[in-house]
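My structure is below; once you've seen it, I'll send some questions.
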Amino acid sequence: MPGNSFGTIFRITTWGESHGPAVGVVLDGCPAGLEISVEDIQFELDRRRPGQSKITTQRKEPDTVEILSGIFEGKTLGTPISLMVRNTDAISKSYEDIKDTYRPGHADFTYDAKYGFRDHRGGGRSSNRETVGRVAAAAIAKKILNLNGIHTYGYVKQVGDVVADNIDLDEIEKNIVRCPDSNKVQEMIELIEAVRKEGDSIGGVVEVVSTGLQAGLGTPVFHKVDAELAQGLMSLGGIRGFEVGLGFEATTMKGSQANDVMYTKDSGELRFKTNNAGGLLGGITNGEDLVVRIAIKPTSSISQVQHTVDKSGNPKELRVKGRHDPCLCPRAVPIAEAMVNLVLVDQLLLSRTTRI
Amino acid sequence: MPGNSFGTIFRITTWGESHGPAVGVVLDGCPAGLEISVEDIQFELDRRRPGQSKITTQRKEPDTVEILSGIFEGKTLGTPISLMVRNTDAISKSYEDIKDTYRPGHADFTYDAKYGFRDHRGGGRSSNRETVGRVAAAAIAKKILNLNGIHTYGYVKQVGDVVADNIDLDEIEKNIVRCPDSNKVQEMIELIEAVRKEGDSIGGVVEVVSTGLQAGLGTPVFHKVDAELAQGLMSLGGIRGFEVGLGFEATTMKGSQANDVMYTKDSGELRFKTNNAGGLLGGITNGEDLVVRIAIKPTSSISQVQHTVDKSGNPKELRVKGRHDPCLCPRAVPIAEAMVNLVLVDQLLLSRTTRI
Amino acid sequence: MPGNSFGTIFRITTWGESHGPAVGVVLDGCPAGLEISVEDIQFELDRRRPGQSKITTQRKEPDTVEILSGIFEGKTLGTPISLMVRNTDAISKSYEDIKDTYRPGHADFTYDAKYGFRDHRGGGRSSNRETVGRVAAAAIAKKILNLNGIHTYGYVKQVGDVVADNIDLDEIEKNIVRCPDSNKVQEMIELIEAVRKEGDSIGGVVEVVSTGLQAGLGTPVFHKVDAELAQGLMSLGGIRGFEVGLGFEATTMKGSQANDVMYTKDSGELRFKTNNAGGLLGGITNGEDLVVRIAIKPTSSISQVQHTVDKSGNPKELRVKGRHDPCLCPRAVPIAEAMVNLVLVDQLLLSRTTRI
Amino acid sequence: MPGNSFGTIFRITTWGESHGPAVGVVLDGCPAGLEISVEDIQFELDRRRPGQSKITTQRKEPDTVEILSGIFEGKTLGTPISLMVRNTDAISKSYEDIKDTYRPGHADFTYDAKYGFRDHRGGGRSSNRETVGRVAAAAIAKKILNLNGIHTYGYVKQVGDVVADNIDLDEIEKNIVRCPDSNKVQEMIELIEAVRKEGDSIGGVVEVVSTGLQAGLGTPVFHKVDAELAQGLMSLGGIRGFEVGLGFEATTMKGSQANDVMYTKDSGELRFKTNNAGGLLGGITNGEDLVVRIAIKPTSSISQVQHTVDKSGNPKELRVKGRHDPCLCPRAVPIAEAMVNLVLVDQLLLSRTTRI
């Protein structure tokens, strides 16, 4: 299958270049009869939109979504849902002088190597702008999950070496860095501002948690929940690692420590005393919260002078102009949530076919 | 699609339960005309086979592969290649008394939750034995990659907190722990032996490197090489994390440090001075070595007494008998290599359709 | 996979309801570097457009295509190509009074049965208008095929019981019924006009021929060329049968008559003396012309009074207003060609992965 | 996707060459908890088995199926079901002298053209023997359908120009030609015997009917029931045409004749007075019987002398030895039923995901 589709039953196909006419998504396989409004979708797009605060890129796009098909009189038809966002604030001209220069950390060189040719403006297809389609479709996934009692929350767990220890979900959307620990908000913001002033950028970690999951979701062996989440999240730009539960911390532990012990609740429900596994056993949900993390590299576009080459191999000095996030983490939160929701809704629908 | 297939062009479907009649794989989409022998496949199966040394499980299966279709007069026909390994040493009886008990860290509970029913013997489908099919098919992938100058090597990078610093590829297969650093071999083996004597187990890290890759492999946006590798590797049992290049280390770095600088070789070839990205930009190979790592949890099956519950919720004390690897890492090496090779050969074939 | 995608490498996903905001297609997997213009696509859309003559529906839609992504500076990028056509002449009001009435021969009842709900205006998703996306994407397929010396021609072989005997390709686009036999044009037109005056409609047969095909295209066993063509063509509205080569005529023949005899041309090329098989053996092209036919039922919408029921089961008398083709065949020609081209280009790209 | 898989949820992958070690199938996505025995599967294989009567090939294979995975204690596990049949009566030697000769009507030439190489023994992969896997998997599909009140019957509708008019389902399995019309049985058998004596073969038509289908099955637009059936049935060897409902007969009809009129039964159920559409509207079941037909060409292998060429282009006289069915129809009945059942069970499972 070509590369721009994701999901088995609830299947998205995203399209669009950063500075082309528009970006969008076709969602096929959404069940019929779901109440959904353009506002439901716009709400999530607004959360990922650039220009929201002093620590995100100042590119100002209203990112207004248009529903082109699949929704009629406020309800999904069961037919493909086509969603489009026009690109309006694309200043293509600022890219003209670096047309043939390979920006460090970007996919300019590899797109040329693969396709022999590329839309150089703002990264073209390799731009983070591609995620508009994912987030728009995931707004619909979210609605279905919520109806099933499943809720997904993402937050910035770490910026550089500043780590959020206390997770307070109510805190997340109150601060511009989407940090769940009120004691670390200021520190994170200051670090981001400091690197921006240096013309530099900084990496970090986003954690996503889903609650309310019944035990039994996931499709062994290649479509285990963690395998699908890893694919979905690693397919985002700038991600260098993925963890579930204890993640790499488990590598230094013993089995007697890492195994989660089961017990029976008074209600008779079987549960786990700890959640080292992050909510999955054998790639199938076990009824505990799903917990995943992604490692986000520092933004490649920085305003410091960098050395590189152009298409013909000539050395170049490059100072990336444009407007870029000094830290990708805050805006990565709604995008990471989107990917988790897309995986979960697909597994939820698939689970209807599991038993005779 | 159901869960047991992987790959787009070079596509495998694995099947089989740990203690059922057999395990196997059907490989569809392998190009015609490849010379391959049963020995080529058996060689890789022997590398993953249990019972190879004192630090692996003593389960003794010859794991003899039978070619059932797709290969004629020593060459692939272009038709599906069906490979089967009979299960011969499956001592099912030892599982009878824990038939209804949920083993900590295993998928017993979640398989019941999903399917309402399971083959309890040795984990059934959730057993690591499922990887026999992956390794067998990947032996064919490896042959194609080698013909194209691409070579993949895996090794144990870390056991518990013992880390291999010096990577000497020649060292790997010389020691039973598959450690590439001769200075750390003894330390790793001692640690594994020590936890085994405690009736416990230990985690670790396996790193896989592929060399000889041309720039331009990978299919954005959802089938980027790192996304596919993440899916493939996280779909193995007992994996808790995935990294490419610097991985989580990148989260504390600045863009000016993390970006790999390009330069022009005397030969005119465009290359990178560092390889922080692990060989990928925008999910497409950039001509540098591909470098990935997986976090392996400590083996769930340990001989210490553990507390758990049975199917009806009754508390149980469990001492897992059977024979289990105290550390999954050494045997995970050929399996991880297999997954990397399966992803790469698929992208290699897909790349033939990229340009007009 | 959900139902709105077709193709393996060259893969289309169509979307849109007849009277929704727009209809369109996303084409993923088109090779990079193909020169294509908006005119190339518009040309094919104009061929399928309604209102072209007195024997087609008078619905007047300019059907202007907009390229939203995937094409840059006149060439395909290798990224998804998103094409959209706004619905402009959709007179939704005329459907208001039959909102709950099940039109005979239409999918109104079955869409309600499946989805519990539908867009009743003009058939919604089940409208022939869905084929706009297919035709637009196939214009790109056609360009690739032409570059490879492959050309596809469709024509109306039969209207009611009037059969075209003499096939003159130059004649096809010269007459409004797209009949290749100048001796039958007038007869076909008169038959169509006659049934229209009766407030009725008539069926027919469209034949499609592809020339210039090399031997060796097709992917056994489920993606044989004839299997894929059958799926693609039967997925159009109003099709009741599919034939390749001799089709049903072969059922009364003997093997000694039906087998095509091979011979060696002076050039050394192996060819067939007859083409009873229609260009395929074992679902793979044999170097002869590909010849397929589809049986097209009479248009369901007729202006005669018909008896039916509404959603609640009440009997209704229905006289379909709107504007409808009295015979689907002439406009089915470019659509049938489109499906053939979509199948062939996919197989052409897949054939690059067949051999080592 | 490579060519050897079929189905979305209930997905089969067949493998095996006619004279290789075995043929088989992996069925992925079968729901867990279905009671199934090896006898259920063997029963259907016995129905397709050669050597059943004087009018079928005398190749004698017991075709004993072995269940290799996915079934435990008599019930499906929800994991892949691997089924294998060893090839035992394969007389490969009889093919040695025609190793390089292209048999008329067979895929010998096209397999060479595609793959550059083939297993010449008995047609290798292009042999009808491939359908063993389809029939074995479909036995499981049939069981699920029966549990849901859906029953599928196939029969020989026509041999040469002898047509069965009276359809008596009880008659079908009582005669060796699987004709449902007791008045035509003898005539069909005599025709087949006559052509066999001439060293020739004859074509025919198989019709398949499914009863008990609820309205609402089918996945527009590319996975309509008729589109899937057409793909599945045309992917069988020797099929030249496909029809649903009236089929090609509809091409000479008027809309006022062809449209099926709806009415309300006393029970309140909405039904159709006629079934010209063959049980589908817009590719979705409408509650009436599903009726499809396939055109089967005369067997290509005949014992008369035929002219052809070899691989090097030299003219050859060929008298196909081996043992072949003089008419494919009787044995095509269980195979055609199998394909219909595979399509229907897939749509039945998919329909569980249609509504919110």
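Per-chain numbering from 1; labels A, B, C and D assigned in written order.
One rule holds in what follows: contacts are C-beta pairs under 8 Å (C-beta built on N, C-alpha and C of every residue); 3 or more make two chains touch, one makes a residue touch a chain.
Because the structure is a prediction, the values reported are computed rather than measured.
Within the contact network of the assembly, the step distance from chain A to chain C comes to 1. In terms of the distance between Cα centroids, chain A is separated most widely from D. Taking A-D and A-B together, the chain pair joined by more C-beta contacts is A-B. Rounded to whole angstrom units, the spacing between the C-alpha centres of chain B and chain D is 39.
Chain A and chain D have Cα centroids lying 46 Å from one another. If each chain is reduced to the centroid of its CA atoms, chain A and chain B end up 26 Å from each other.
Shared interface positions of chain C, defined as residues touching 2 or more other chains, are 1-5, 8-9, 14, 29, 32-33, 78-79, 114-116, 125, 220, 354-355. Taken as a graph of touching chains, this assembly is fully connected, with contact between every pair of chains. Those residues of chain B that touch chain D in the shared complex are 1-5, 8-9, 11, 13-17, 20-24, 26, 28-29, 32-33, 66-70, 72, 75, 77-82, 84, 114-119, 124-125.
The touching residues of chain B, counted against chain A in their complex, run 1-6, 8, 14, 102, 104-107, 109-111, 113-116, 125-126, 130, 158, 160-161, 195, 198, 200-205, 214-224, 226-235, 237, 239-248, 250-264, 268, 270, 277-278, 280-287, 295-302, 304, 306-309, 313-315, 351, 354-355.
By the touch rule above, chain B contacts chain C in their complex via residues 1, 9, 29, 31-34, 76, 78-79, 144, 147, 220, 349-350, 352-356.
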